[in-house]
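Common to both upcoming complexes is subunit A, partnered first by subunit B, then by subunit C.
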Partner chain A sequence: MAESEEEVDVLVQRVVKDIANAFKKNPSIDEIGVILCPEARYNRSPIVLVENKLGVESWCVKFLLPYVHNKLLLYRQRKHWLDREALVDITCTLLLLNPDFTTAWNVRKELLQCGVLNPEKDLYLGKLALTKFPKSPETWIHRRWVLQQVLNQVSTLDHNKNQQQAEAVQADAERNEQLSDRLARTLRQEMKVCSDAAGRYPSNYNAWSHRIWVLQHMARGNVKVLHDELSSMRVWVSMHVSDHSGFHYRQFLLKELIAEICKRPAHTSTSCSPQRGCSTVPEGSPCPHSCSHSNGEPSGQEAGGEEDSHADFTTVLQLFHQEMDLCSDLIQSFPGHETLWSHRRHVFYLWDQWVREHQHSCSRGSDCKLIHLTDPDPGVPEISSQSCAGQGHGVNGQKHASEPMEVDGLFLPDPHNSKRLKRGVLLPCPPTLPTELSFVSSVLGGCCNTEQRHFALAYRKWLDTVIGLQS
Partner chain B sequence: MKIYRLQKKVEQSIQEVMSVYKQIHSLPQPTLLREQHYQYLKKGLRHLSDAYECLDASRPWLCFWILHSLELLQEPIPAAVASDVCQFLARCQSPTGGFAGGPGQHAHLAPTYAAVNALCIIGTDEAYNVIDREKLLDFLWSVKQPDGSFVMHVGGEVDVRSAYCAASVASLTNILTPKLFENTTNWILSCQNWEGGLSGVPGLEAHGGYTFCGTAALVILGKEHMLDLKALLRWVVSRQMRFEGGFQGRCNKLVDGCYSFWQAGLLPLLHRALYKEGESELSQQRWMFEQQALQEYILLCCQNPTGGLLDKPGKSRDFYHTCYCLSGLSIAQHFGNMDNHYEVILGKEENRLAPTHPVYNICPEKVAQALQHFLRMPVPEVSRQPGGSGEDRPSDTAAASSSADLQS
Partner chain C sequence: SGALLEGTQVKDVIIKPDAPSTLLLEKHADYIAAYGSKKDDYEYTLSEYLRMSGIYWGLTVMDLMGQLPRMNQQEIIDFIKACQHECGGISASIGHDPHLLYTLSAVQILCLYDSIDAIDVDKVVEYVKGLQQEDGSFAGDKWGEIDTRFSFCAVATLALLGKMDTINVDKAVEFVLSCMNFDGGFGCRPGSESHAGQIYCCTGFLSLTGQLHQLNADLLGWWLCERQLPSGGLNGRPEKLPDVCYSWWVLASLKIIGRIRWIDKDKLRKFILACQDEETGGFADRPGDMVDPFHTLFGVAGLSLLGDEQIKPVNPVLCMPEDVLQRIGLQPDLLS
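The block that comes next holds the complex of A and B.
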C-alpha cells in the first residue's frame, strides 16, 4: 500500500494531534502500548484510548516514526520551523514510540529551560514511556536531569528564604512545609516509578540505579526514609527472589543506614544543618529544623556517649539480624536461587567489616564486649553474659531481664522501637562464622535441590577462604 | 520468580539445540558459518557508505562492529569500501573534536571510541588522517570531570564506560597525558564493589560491561594492579553459566552471547595482571575460564543459520552481537602471553578466527600499526582547560542506545 508523501504528511499530522488530544481528554493515562494491527481499517485513527490506556495501532508506526523523527532533525538543523506547541506534541509522540531518541529529550530540555514546559510534564511523559520501555537509558537520564532542575529550583528558593530574614516566621514555615511536601511527594512518585519499572523487567539495572540516585539526591541522610524503604522492600524482594538488583538495593539501604546511625555524634541535640537546606526531604517532621533521633523518634532522653553508642550498636545489630533472618527464610522457602546466597554473602561481609571497624571504639567501655566473629561459641542469648546484649547494666543502671526477645523468623520488633531495647530486652545473637557454617550444614542436611547444594557449598567455600582468612 | 522461570526456559531451549545437534551429528563438530556471516556483514557494509541522512545514530558503532567482525573472519575489506567508510566517519567528526553518532550531531565518547577503532582497523593513511588529534584532545578535556571521571558527552552523565572510551582513543592516537587522566584511576577503583566486579558509577551493582570497561581502562593507564584482582577474578569466573557455557552479565541473570567478550575478555586482562604481580600458579596454556564450553555455546546456540550471531536461541541477529560473539569466540580460541601462543579450536580448523587484542578489541597487528603511526607525532598542546560540567547545552546523540546494550 504505497502512500504518497502528501498522504503520509496528512496522516502523521492527524496522528500527532490525536495523541495530544488523548492526553487532554484523559490526563490520567497511565500506560502506553502498541496494538498489533498490521493494516489500517475503516479509515479510523490508529490512536485508541480505553480507560487509562493509550494504544497506537502498529500499522502506522512505520509511517509515524521516521516522519516525526525526520521532522525533528530538520528542525534541529534549522531547515524546518516548528512552533512550540508542535514541538511539544511531536516530541511527545516520538518519545512514546522511541524514548531512546536523545534529540527529542534535548528539545524538551530547552522547552523546559525557557518555561514552555513544566517539569511535571516530562516526569509524566517519562513515566509513560517506561511502562513500555522500562529499561530505556535515555528516559532515566532525562528524568534525573529534570529532577535536578526541580532540586535546584527548591534550593534556590530555600537560599533566598534564608537571606530574607526579615520576613514573617509564619510565612517561612508555611513555605517550608510546601517545599518539603512537594519534595516528599516527588520522592514517593519516584519510588513508585522505579518500582513499576522494576516489576516490568527482571533485574532492571537502570531502574534500581535511578532509585539509588534519587535517595542520594533527595533523601540524603534521611534515616526515616531509609528505614521505610527497607521495610517496604521486604515484600517486594520476597516475591522477586532472583532479582539481584532488588537485593543490591537492600544492601545499599543497609549500608547507608548504618553509616548514618554511626555518624551521629554522641550528644543529643543535633539540629539539621541549615546548609543541607530543603533540597532533601526532612526527617518526618513538619519543621525541618527539629532534631530527631536516629530512628525517627524525638530525642533528648539520654545523656552520655557510651549509652548512645550502645543504642547504636543494638540498632545496627538489629538491622543485620533482621536482614540475615529474611535471607535465611527466603533461602529455605525458595531453594536454588543464587541471588539469595549472594545477598547473604554481602550482608555477612558488611557485618564482618562493621564489627572489625568498631571493635576498637566499642571496647572503650568495659561493659560493651563484642564477640569476635570467629569465636567458636558465642553462647546462647538467654544465658551468657558475654552475649551481644553487651552491657551488664542497662541504661538506667538495672540489670537485664532474662526475658528472651520474640524472635519469629521475619517478624522481629520494629527497629524504631528502641525504647524497648533500652529497657534491657535481650538482643539476638550476631551472625558469626560458626553460626553461618551451621546454617550451611542445616541447608545441606535438609535439601535435595542440586542448585541449592551447589550454592550452599560455594558459600561455605567463600566463608572459609575469604572470611576465614581475614581473622 | 520470573527470572527463575526464564532461566529454566533458556536452559530448556539450549538443551533442545544441543540434542538436535547431537542427533544429526554422531560426533559434535560445531561449524562456524563463515560464508553466511560474511554475506550478512557484506550487506551491512554496503549501507555504511550510503550518504543519505539516516535515522540511525549509531553509525560509527556499525562501522566498528562490521569491520571488526570481518577482520576476525579474516575477510578483506575492499579498498573502495574502506575509503567510503573513512569519508563517512570524517563527516561524523565534530568540528569541536570527537565523533558523533551521525553527521551534524554532537560528539559523544561512545561513537568516538567506535570511530577510532574502525579507522585503526582500516589502517590506511587515509584512515589515520581522518582523526583530528588536536580537536580530539580538546573534546576529551571538555568531558573530563574534576573527580577523575568523564561524562559521555558535554552536559551528559558519568559512567565508567567513558573512562575506557577516553583511554582507548587517547592511547591509540598518542594524545594521552597523565594530567588528562588525573584522578581517573581512583575514580575507577571506587567502582569496584565488594562482589569484585565494577559498577557503572560507584555504589551500584557490578555489571559485565562496566567491569570490562573499568578494568581495560586501568590496564591502559598501567594501574590494573590496584584493583582487588582476586575478588574480580572470583566474580567474573562465577559469571560463566554452568549449563549453557556462555556468560551472564550479572549474578542470576540470563546468558547472553555478547558477554562472551565483555566477561570472558576479562580473563586475559586478569591473567596478565596477576602474572605481573608475580603470581606463580598461572597456566601457560589456558585462560581461567572454560574455553571449550564458551565456544560450544557460541557455535551451537548463537549462530543464525542465514548469517549473523545473536544473544541466545530465539533472539534476532544484529551486528552488535555478531561482533561480540565473534570477539568472545576469538578470546576462547587463543591463549597468548609474551612468550607463547596456544590455541584451542572447537570443531574444524576452519572455525579458527584471528586473535583479538583484549584491551582494544581490534586485531593486535592493527593496534601495533596504529601505535607506530601515531607515536611518530608529538602529543598535541592543550588549547583549553578541563570543561567540568559547565556547559548545560544538551548533546544530540542517541549513540547511548548502542551502549545501552551493555546495560541489559
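The block that comes next holds the complex of A and C.
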C-alpha cells in the first residue's frame, strides 16, 4: 500500500486519470459507488467500470479525497497552478466523492462561464453524484444555477431574434425549434433526475423542491406539463404512501393547475387541453418565443363567460373529486399513514378556499344540491376526467382568477352539460364539511388500527377548528 | 392489541430501558474539547466545507455548559480573520468561497468571544446588503441561490451587528411571508413544502424583524406539536424519524411563538437524554447512533429550553447563550 507522500502523489494522479479515462471510454456511465475493499490488490486500478457503473475501491478513497481536496484549495489560494483540464478532472473526482464541497462546484461554474465546460456536462456530473448522494444540497443548488444559465442563453437568443429583421426569419424558425427542443429535452431530463433521487431517498426535500423550481422556471403556466406531471405522479404516490414530499408536490400541481384554469384565455385552454396536447415546449417568461399559443391572436369570443365559468368549475371540481377519491382509496388501503391524512387536509383546504373565492355568496351546505339540480338523472356513472376536462375548457378571454365568478352562472345548466347529461354523464358531488365528517365516521367505524384512529380523529379536529371556524 | 397490529409502519424509535436518563455534562465537554485535536485527514476533509459552522456548534455548546475557556480563543479568532474575503463575506475555511451561512457562524462566534472588531464589520454589512434581491429575498452567495434560510442568516447577522436598517426589511418580510403555507409552516421558497428547519429560520426571521404578529401561531403551533412522536422525540416532517436536531428546531419555534407548553416536555427530555453516548460523550440524532458536535449542541440547547438548570439559558432565535445577547443588548421578540 502506498504510504509515503511521493507514493500517494503518484497513486492519486493515476486514479484521477483513470476516472477521467473511464468517462472517455464510456460516456453513458449512469451510476457511481464505492466498492468495499479494505486493501489494495496488486497492479490493479482501484477504478472499476462494469457496464455503465463506475466503482471506486474503498481503500483508495482515504488517500484520494484529501489529496484532490487540498490540491483544489491550494489552487484557490493561488499557491498552486492547475491548468483547465486538470481542474476539470480534479473537481470531477472531488465532487463524486464529496458533492457538498461548495467551492468545487463554484470552480466549475467559473469554467462553465468561460466556456471550458458546457451545461450538459455539468448536469451529467450532478446526476451521477446524486446516484450516490441523492440529498446533496450543493448538487441541487449547482443544478439550478446551470439550468438558469441555459434559460438565460435561450432568452438572450430570443431577444436577439426580436432585434433582427425579416431576412433571417427562416434561420430563426429553425433555431427556435432547436432551442425549444433543447428546453423540452432538458425539462424531461430534470424530471427524470428528480424521480430517480426521490426513489433513492424517501421524502427527499431537496429533490422535490428542485422539481417545483424546475416547473416554476422552465414550464410556468404550461397546463400540458402540469397535467402530465399530475397523472404520472398518481402511480408514484400510490406506491409511496409515506412520502410526504411526493404528496406535497401533487398539492403544488393541483394548486398551479387550478390557478391556470381560472386565469387563461379561451383559445389557450383549447389548444392546451390534455386531449389535444399542445406543444411540449415550456411556456412562460424565460422563453417568450414558445408562448405563441397563449397570446397574440385576438379573441373574438366575447360571449360565453357563464358557460366558461361553468366549464372551468366542472374541470376544477373533477380535479378535486379525483384527488379526494384517490386519497380515500389510499387511506383505506394503507391505514395509519400520516402523510395521507395530511394530504387530505391540504386538498380539502384548497377546495374549500377555491369555493370561497369563487362563490362567496353561495352557502356551503347547498353545493351538493345545486350540482344535483343540473343532473336530472342521478345514478348514472360518473364521467371520466378526460371527457370532462376536454369539454371543460371554454371560450372566455376575460376571466381572471381574481374576478369572482357569477354565482348563478355557475349552477345553471349549460348546453354542453345538457348534451353530456343526455349521454349519461353525471357531475360528482363536491366534497363538503359534512361529507368529510362522514368520511371520518366511516373510517372510525370498525377501525382497530390505533394510528388510523389517531389520524382520523386529528383530521376531524382540524376540520372543526380550521375549516369550521372559518365558516 | 398485540405487536402484529398494522400500526407498525409508524416511524419512531423505541427507547431502551437502559438508555441514559441523566445529563452527562462533563462527558460532553470532554468530547467537544477533544474533537478538534484528533483530526483524521479523511474525516476532516469531508466536513471542511462547513468548518465555520462546526466551530460555532462546538463553542456554543461549550459556552452553554460554562466551559468556553477550554477552547483556544486566539487560534479561532485568527482563523476567522483569515476566512474573511475581499468582498466582506466569510468562508467555511481558508481557501473556500464566502457564503452567508458561514458569515453568520463567524459573527456568532465573535459575539461569544466579545471580539467582533477582529473582522471588518462594515464590509460584512456591505456583503449581506449586496445579497438582497429585488423581491426582498437573499441569495446565499454571489451565485444567486435563494432560500428562506438565507433570509434568516442575513437578518441574524445584521441584528448581531446592530445594522438591521441597512437592508430593505419590508421587502425581506414580504418574501418570507410569501413562503408561508396553508398549514402555517414555511418552506425554502414560495410553493415549497413546510419543513421544521425552514420554519425555525422563518419564525426566527420574523422575530428579529418584529413581525411575529404575521404568523398564524395557533395553526403553526398545531403543525409543530404534531411533530412529537410516541417516543417523545420530534421529527421535521410527517412520517420522518425523530431527531435531536429537529427537536431543537421545533422546540425553538414553539418557544418563539409562545406555544412550548403544547408538547409533552417530559417525554421530549427523556428522548434527548437517551441520545447521549455514555462512553464517548456527545449526542447523536437518535439513541444508539454516532455522536457529533452538531447534535450535541442541539441536544444541550433543547434541554436548556426545557428548563434544565445545569445549562445556561439559551436564546431560541439565535441559539446562543442569553447572557451573550444581553451583553450585546439584543432581545428578539417572542410571542406570549
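In this section, the second predicted complex is superposed on the first by the 361 of 471 C-alpha atoms of A that agree within 3 Å, B and C clash if a C-alpha of one lies under 4 Å from a C-alpha of the other, contacts with A are read in each partner's own complex, and residues count from 1 in each chain.
One rule holds in what follows: a residue touches a chain if its C-beta (ideal position, glycine included) is under 8 Å from a C-beta of that chain, and two chains touch if they have at least 3 such contacts.
Model, not experiment: these values are computed from the prediction.
*Asks:* Taking the superposition as given, does A:61 touch the first partner, subunit B, the second, subunit C, both, or neither?
*Replies:* Second partner only, subunit C.
*Asks:* Quick check on the superposed pair: does A:335 touch subunit B, subunit C, both, or neither? Answer first, second, both or neither.
*Replies:* It touches subunit C, and subunit B stays clear.
*Asks:* Quick check on the superposed pair: does A:35 touch subunit B, subunit C, both, or neither? Answer first, second, both or neither.
*Replies:* The answer is neither, since A:35 touches no partner chain.
*Asks:* In the overlay, answer first, second, both or neither for which of subunit B and subunit C A:203 touches.
*Replies:* both
*Asks:* I'd like to know which partner A:467 touches here: subunit B for first, subunit C for second, both or neither.
*Replies:* Neither partner.
*Asks:* Considering only the touch criterion stated at the top, classify A:22 as touching first (subunit B), second (subunit C), both, or neither.
*Replies:* It touches nothing on subunit B or subunit C.
*Asks:* Is A:157 touching the first partner subunit B, the second partner subunit C, both, or neither of them?
*Replies:* The answer is neither, since A:157 touches no partner chain.
*Asks:* Touch test for A:69: subunit B only (first), subunit C only (second), both, or neither?
*Replies:* The answer is both, since A:69 touches subunit B and subunit C.
*Asks:* Regarding the shared-chain residue A:262, is it in contact with subunit B (first), subunit C (second), both, or neither?
*Replies:* neither
*Asks:* Intersection of subunit A residues contacting subunit B with those contacting subunit C?
*Replies:* 66, 69-70, 73, 76-77, 100-103, 106, 109, 138, 141, 144, 203, 205, 208-209, 212, 216, 242-245, 248, 252, 336-339, 342, 346, 349-350
*Asks:* In the complex, go through subunit A and note every residue touching subunit B.
*Replies:* 66, 69-70, 73, 76-77, 100-103, 105-106, 109-110, 135-138, 141, 144, 202-203, 205-206, 208-209, 212, 216, 239-245, 248, 252, 336-339, 342, 346, 349-350, 454
*Asks:* In the complex, go through subunit B and note every residue touching subunit A.
*Replies:* Contacts found on subunit B: 1-4, 6-7, 53, 55, 57, 104-105, 156-157, 194-195, 200-201, 203-205, 207, 242, 250-253, 394-398, 400-401, 404, 407-408.
*Asks:* Okay, in this complex, where on subunit C does subunit A touch?
*Replies:* Those in contact with subunit A are residues 1, 5-7, 9-11, 41-42, 44-46, 48-50, 91-92, 94-97, 99, 140, 143-145, 182-183, 187-189, 191-193, 195, 219, 222, 226, 237-240.
*Asks:* How about subunit A: which of its residues touch subunit C in the complex?
*Replies:* Residues 61-62, 65-66, 69-70, 73-74, 76-77, 98, 100-103, 106, 109, 138, 141, 144-145, 148, 203, 205, 208-209, 212-213, 216, 242-245, 248, 252, 255, 334-339, 342, 345-346, 349-350, 353, 448-452, 458, 462, 466.
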